[in-house]
Amino acid sequence: MIDREALSLRYARVRARTDALAAPLSPEDAMVQSMPDASPAKWHLAHTTWFFEEFVLAPHEPGHRWPDERWRVLFNSYYEAVGPRHARPARGLLSRPPLDEVRAWRSRVDARVLELLPSLGGAALEAVSLGTHHEEQHQELLLTDVQHALSGSELRPAYTDRPLAASPAGSAAPLAWTSFDEAVVDLGHAGDGFAFDNETPRHRALVGPFRLASRLVTNGEYRAFVDDGGYDRAELWLADGWAAAKSGAWRGPLYWDDAGEHAFGMRGMQPLDPALPVAHVSHYEADAFARWAGARLPTEPEWERAAQGRAVEGNFVDSGRLATSPARGEGMAQLFGDVWEWTGSAYLPYPRFRPLEGALGEYNGKFMSGQMVLRGGSCFSPREHLRASYRNFFPPHARWQVSGVRLARDA
Amino acid sequence: MIDREALSLRYARVRARTDALAAPLSPEDAMVQSMPDASPAKWHLAHTTWFFEEFVLAPHEPGHRWPDERWRVLFNSYYEAVGPRHARPARGLLSRPPLDEVRAWRSRVDARVLELLPSLGGAALEAVSLGTHHEEQHQELLLTDVQHALSGSELRPAYTDRPLAASPAGSAAPLAWTSFDEAVVDLGHAGDGFAFDNETPRHRALVGPFRLASRLVTNGEYRAFVDDGGYDRAELWLADGWAAAKSGAWRGPLYWDDAGEHAFGMRGMQPLDPALPVAHVSHYEADAFARWAGARLPTEPEWERAAQGRAVEGNFVDSGRLATSPARGEGMAQLFGDVWEWTGSAYLPYPRFRPLEGALGEYNGKFMSGQMVLRGGSCFSPREHLRASYRNFFPPHARWQVSGVRLARDA
Amino acid sequence: MIDREALSLRYARVRARTDALAAPLSPEDAMVQSMPDASPAKWHLAHTTWFFEEFVLAPHEPGHRWPDERWRVLFNSYYEAVGPRHARPARGLLSRPPLDEVRAWRSRVDARVLELLPSLGGAALEAVSLGTHHEEQHQELLLTDVQHALSGSELRPAYTDRPLAASPAGSAAPLAWTSFDEAVVDLGHAGDGFAFDNETPRHRALVGPFRLASRLVTNGEYRAFVDDGGYDRAELWLADGWAAAKSGAWRGPLYWDDAGEHAFGMRGMQPLDPALPVAHVSHYEADAFARWAGARLPTEPEWERAAQGRAVEGNFVDSGRLATSPARGEGMAQLFGDVWEWTGSAYLPYPRFRPLEGALGEYNGKFMSGQMVLRGGSCFSPREHLRASYRNFFPPHARWQVSGVRLARDA
Amino acid sequence: MIDREALSLRYARVRARTDALAAPLSPEDAMVQSMPDASPAKWHLAHTTWFFEEFVLAPHEPGHRWPDERWRVLFNSYYEAVGPRHARPARGLLSRPPLDEVRAWRSRVDARVLELLPSLGGAALEAVSLGTHHEEQHQELLLTDVQHALSGSELRPAYTDRPLAASPAGSAAPLAWTSFDEAVVDLGHAGDGFAFDNETPRHRALVGPFRLASRLVTNGEYRAFVDDGGYDRAELWLADGWAAAKSGAWRGPLYWDDAGEHAFGMRGMQPLDPALPVAHVSHYEADAFARWAGARLPTEPEWERAAQGRAVEGNFVDSGRLATSPARGEGMAQLFGDVWEWTGSAYLPYPRFRPLEGALGEYNGKFMSGQMVLRGGSCFSPREHLRASYRNFFPPHARWQVSGVRLARDA
């Protein structure tokens, strides 16, 4: 049973966070679509608002009217059941409505949702709740898409003129290995809290013995892989990965310069800190690195087993850094936050998985093909968005997310 | 010998016209790049300013400094001799500098050019003059690119909220044919006025006898071609044109709706007026239409022979309509303005053509391959930009320019 | 410990089968490469011979010499560790050596391998053994590639002029469901017989309760899906599958005609028999069909659990039909043979998987990305090639293999 | 009025020449389609036969029957008016009919055409005559396509095992320039002999004064261009040419090796002879070379004016060399034969051009877009196929024809 008051607070908090993350962006910044996989920031602001208008207000608000019926087309992402959609690769063409009008729309929708919320029934409250988690996903996408957009200019500008919180300096904690015995474990979401349908149902799985690295792979370690000819040794790579690396002329992670001495981030070009976790690598690169290191990527069940019961603590968007930070301490570090951790598991439905009813059934299920699972969250993720059962997923060639590597080994 | 005072006035007038044409655009509108062939309006504003900074101020202004050296890269269009260039298809990524900063840059450059102009020598004055004609070309491109950008949204918005001057109503003048005898004529630019290098040198050519239509082909006439199965009859088309029409699923001019009843323009979607000249057709379509009509396109020499000695009068951007108007009167009509007229001539150098010296030699000559010549100017062209010897050119598949058809026939 | 005599017999038998399957092909037939994923039959004949020359004769034959050193390049498929390779999509360019010369090469290699075999040590015997299983894979590929090649001509010719063995007529057995309880099972290869590295190591997995259909989905059942708008209902499809179906204009299985009344096979165009298993569907189509049918695809562990301990019986290439046959009887039917069965499992390494040493380590491991597993074998597979632990794999869009559907359901 | 006896002799001679040129090819060689622009040799043999079957026998032979109606589809090249066509890029899939059957078809058609010819009327005789000239075009294409096909294998095989006639050794004649005054000249075909429609009608043109080089550009001269950084200097190139050279990684003519020391030809890889004409360059390269050399390409009218009245003498396919030869003597050399000479003229219709009636009207006219004219013929052309008014044409990027450079200069 959803607590209406808590949901109202959460709604307001999440929506305000989106506005804050987009605040540094000019109307021009918010227009850029740098590739078909990315969306303009303005579109993220509008689409997340469309979500509440489409799935909460339209069905539940008395006398509901759209600001413009055509916005249903412009800001529908991929819901075939809702109707036609503006072509995804052409989102950058949408100069109208302007950013100010989208912001005003956000405000109006917020007022209406908050006014309506106390009277909503269960299904509607579920939709509001889902909308807030949906919006948190777009918060991260907004940031990764903006970073990618800004990287496309020779100016390599910073995301904001205001100073961002500094990451701690110093070296990374030494790498240690934690051993796990074979066990039948319960995986997937448990309890009353929110979870996406793809985290359900809770199910039993046999997880063999394995060892898990105590922290993320660092820039320094990845630099050693590069310097050892990592990008020139076919034997380290999956065949598709090798083809992607060759055709894309990859010589290092996405945002590294040719010398491997600077990297582009939300502060613009910055010296590469060897102590920080490597970020913006594809699954292919993560896999090749692991093979080079005599290790492998953890599977989803292994990762989840290690994360179960741990507090969601780490370096999230909440820190205001918008950058990674070095591993500290002796135990298992960085399981949450800093960078998403590529697993060796394909994104597939859990046993007896059932998607949501109606159009929202398209939320996750139809994407369970051709993608790999990432776990743990990043420095661009809101802390309250994450949990041990959370499944993120991207195609194995994707590099513009804050994606990195944690190693595993057979026991 | 260039008159400095006249040039100053012209400089100010041309630059102000650009600003006026861009005035209705929001920062968002000015960002859109709808295809690699088109550029964002902001980029046009910046590039035309870069032209004066690069070719006038940098070499001639004492103590010249660039606002940002990297802008040389961002706003260089295609001058290999100047240095590296931001990738053309990625101009839509340039959110920085913002529109306001580009506008401020334009103002500063204007003040400096106008201050410097009285002391400039001949070559520098030539560069200023060239820059103004260059800017007039970009005025038209800015408009055609904005139209294309706005057409990419389901909102089909108008270019401006202000009312545009109305086009005259009424039917088109009847079509008549004017005959020309065989003659050796002098073609290309003559006299002291400005001309692009591609209009030179003046040279003799033998032009056989021909007949030329007294006005442009109308929407109504083109609609008859469509209704007669024009897009389904291979025998009417060049092989490349047929392939382009099939692969692009062309069923009519670029901006016509499926029913052929409305067309998109600077006023948004408007009813198609059968009396107005057909616009936004490719060379392939113009050629197929002409074959269907038992006629052909005029050649460059034919067109120029017919246009020589005539006043540059017609429907230009100066009318404030930003739309075509119907042919009026009994004589040869619409030779200038309304729509660019596809010729049957490939864009090639005139005999003894010599490009300009230095980087500006890349202005025209290197594009003399794979394109067809258009003549006469359009309702988006400034009147003072046009003349009988003027050669416009686009690839035969291009449709986003204001391009139409005038028929010719063998005598 | 490999039995040399048995291996000699197997070697001779397998090689002869390849020759027999290729016997109906003219030099022209054997040249065709219909798409980058397919290879000419002559190339299959040469590559399988190269395998023994490269991995058996070259390292073990005293005074070994290549017929032409450049053939190492021409007929190396994908072994980076062996050296450069002729480009895969350009295999159809290799008119030299001609088919006769390739056949002669096969004979010479066969004589030399059989002569050498009694003196070979363990590793070399392993390579010979692997080569025979490798060749059996190419026997099936040769057939599927020839079928695809022949389908590309308006003549739609049969593979051979000789009559093929007839498939039994009559309707398919009724569909029943077999239930399986949750169990921890041992999966992967067991025992002394040959297995590919990707079937190892034997490992424990927890398999939840499920039900499995007693036979394959038929053409008639698939036709009902098509007639019910299966290819027009986005809600039934994975997002990637929907995109593939739309971009490929799929309206039915690969070789069906538009009316769904005939299908192309090794006999040319033949009436579609509703009792036969549907074949030549992609994973996307298999998945959409299953969803439409209120079922799902089985997972690898589910399929293997059902198949363990069963005799490898069914309709294989050995029947000489080169076509599917209807399910018969009451029990679990068609688990082996007829069509490969798409599973819902991505092709990934088993826990503690280790690829073979050296260049042969590229055999399977590097392809464990972006593909789905198929199980059971087809009417193009040699019976002796198959076993319950056998893992076949293709990208989810692939349709030219003899791939079909068996349904599963949650218990 | 066509002389039936002469045409019979010519028919037999041309058809026999095709057979002789194809004689060295195995069934495998005759299957290869190396790119969409090229066709398999077997297809050339069949298509030229189809031409007579379609345009002579079918309309004129009493009780005509096709060997297989579907061959009308398989071997129709591009005649929309005839009906559907097998897809051009898929000609390499046509293993059936086999080469032997195509050869047998050729023989049967030859017998029937020769039997029918004495009774044919004017239009049919015109079709036979056109068919022989059509076949001569395909003789050259057969050779260029075979060369391209063989170049795609690491074996770099020779076209034939028999020795080809040797090219004379020795250095090229010195380069001289011949001057021409301005004149009004008659261009296009004159007289009673055969000409393609694109050479008509004869028409007057004013040709300005110019100078023409006395021989072709040599490998040695082109090598100097390469060594002078010709492929790295954008200022020498047309913009489209520069883009093609960069995207295609061009570093020299098509068949040169990286060192510029060997080139692939009908004898396989051979040392590059600096005295021989450079061949297998695109229009873009010819144009860039000319600019580097301080010259330009001749226009069509210039070339034709220089060639008018000269005997068609030179190095043709008749020499049996299938290779170029050095320029000899003092006067204007190599105007005919050796290599096709790129002109600076786009392929466009002559004034008052009318294509042939009916389906044959598609022969030339519909290709008058996007191509450049070449003149003079090559060492792959039959002598009797050429004349001063002959217009060959290819896209400016095409390199697989035997295309080279003759320089011109302004007077």
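Residue numbering begins at 1 within each chain, and the chains themselves are lettered A, B, C and D in the order written.
We take it that a contact is a pair of C-beta atoms (placed from the backbone, for glycine too) under 8 Å apart; a residue touches a chain by one contact, two chains touch by 3 or more.
None of these values were measured; they are calculated from a predicted model.
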* Asked: Counting one step per pair of touching chains, how few steps separate chain B from chain D?
  -> 1
* Which chains are shared contacts of chain A and chain B? -> none
* Asked: Which chain has its C-alpha centre farthest away from the C-alpha centre of chain D?
  -> A
* Centre-to-centre distance between chain D and chain C (centres being mean Cα positions), rounded to whole Å -> 45
* To do: Using mean C-alpha positions as chain centres, tell me how far chain A is from chain D in Å, no decimals.
  => 58
* Structure fact -> chain A to chain C, mean C-alpha position gap in Å, rounds to 38
* Residue numbers of chain D (touch at least two other chains) -> none
* Pick one for the touching-chains graph, please: line, ring, star, complete, other. => ring
* **Pairs of chains in contact (touch as defined earlier), listed by label** => A-B, A-C, B-D, C-D
* To do: Report the residues of chain B in contact with chain A in the complex, numbered from low to high.
  => 26-34, 42, 68, 70, 73-74, 86, 90, 92-96, 98-99, 149-150, 152-155, 157
* Asked: In the complex of these two chains, what residues of chain A are touching chain C?
  -> 78, 80-81, 182, 184, 203-206, 208, 234-235, 237-242, 283-284, 287, 344-346, 348-349, 351-352, 361-362, 366-370, 396, 410
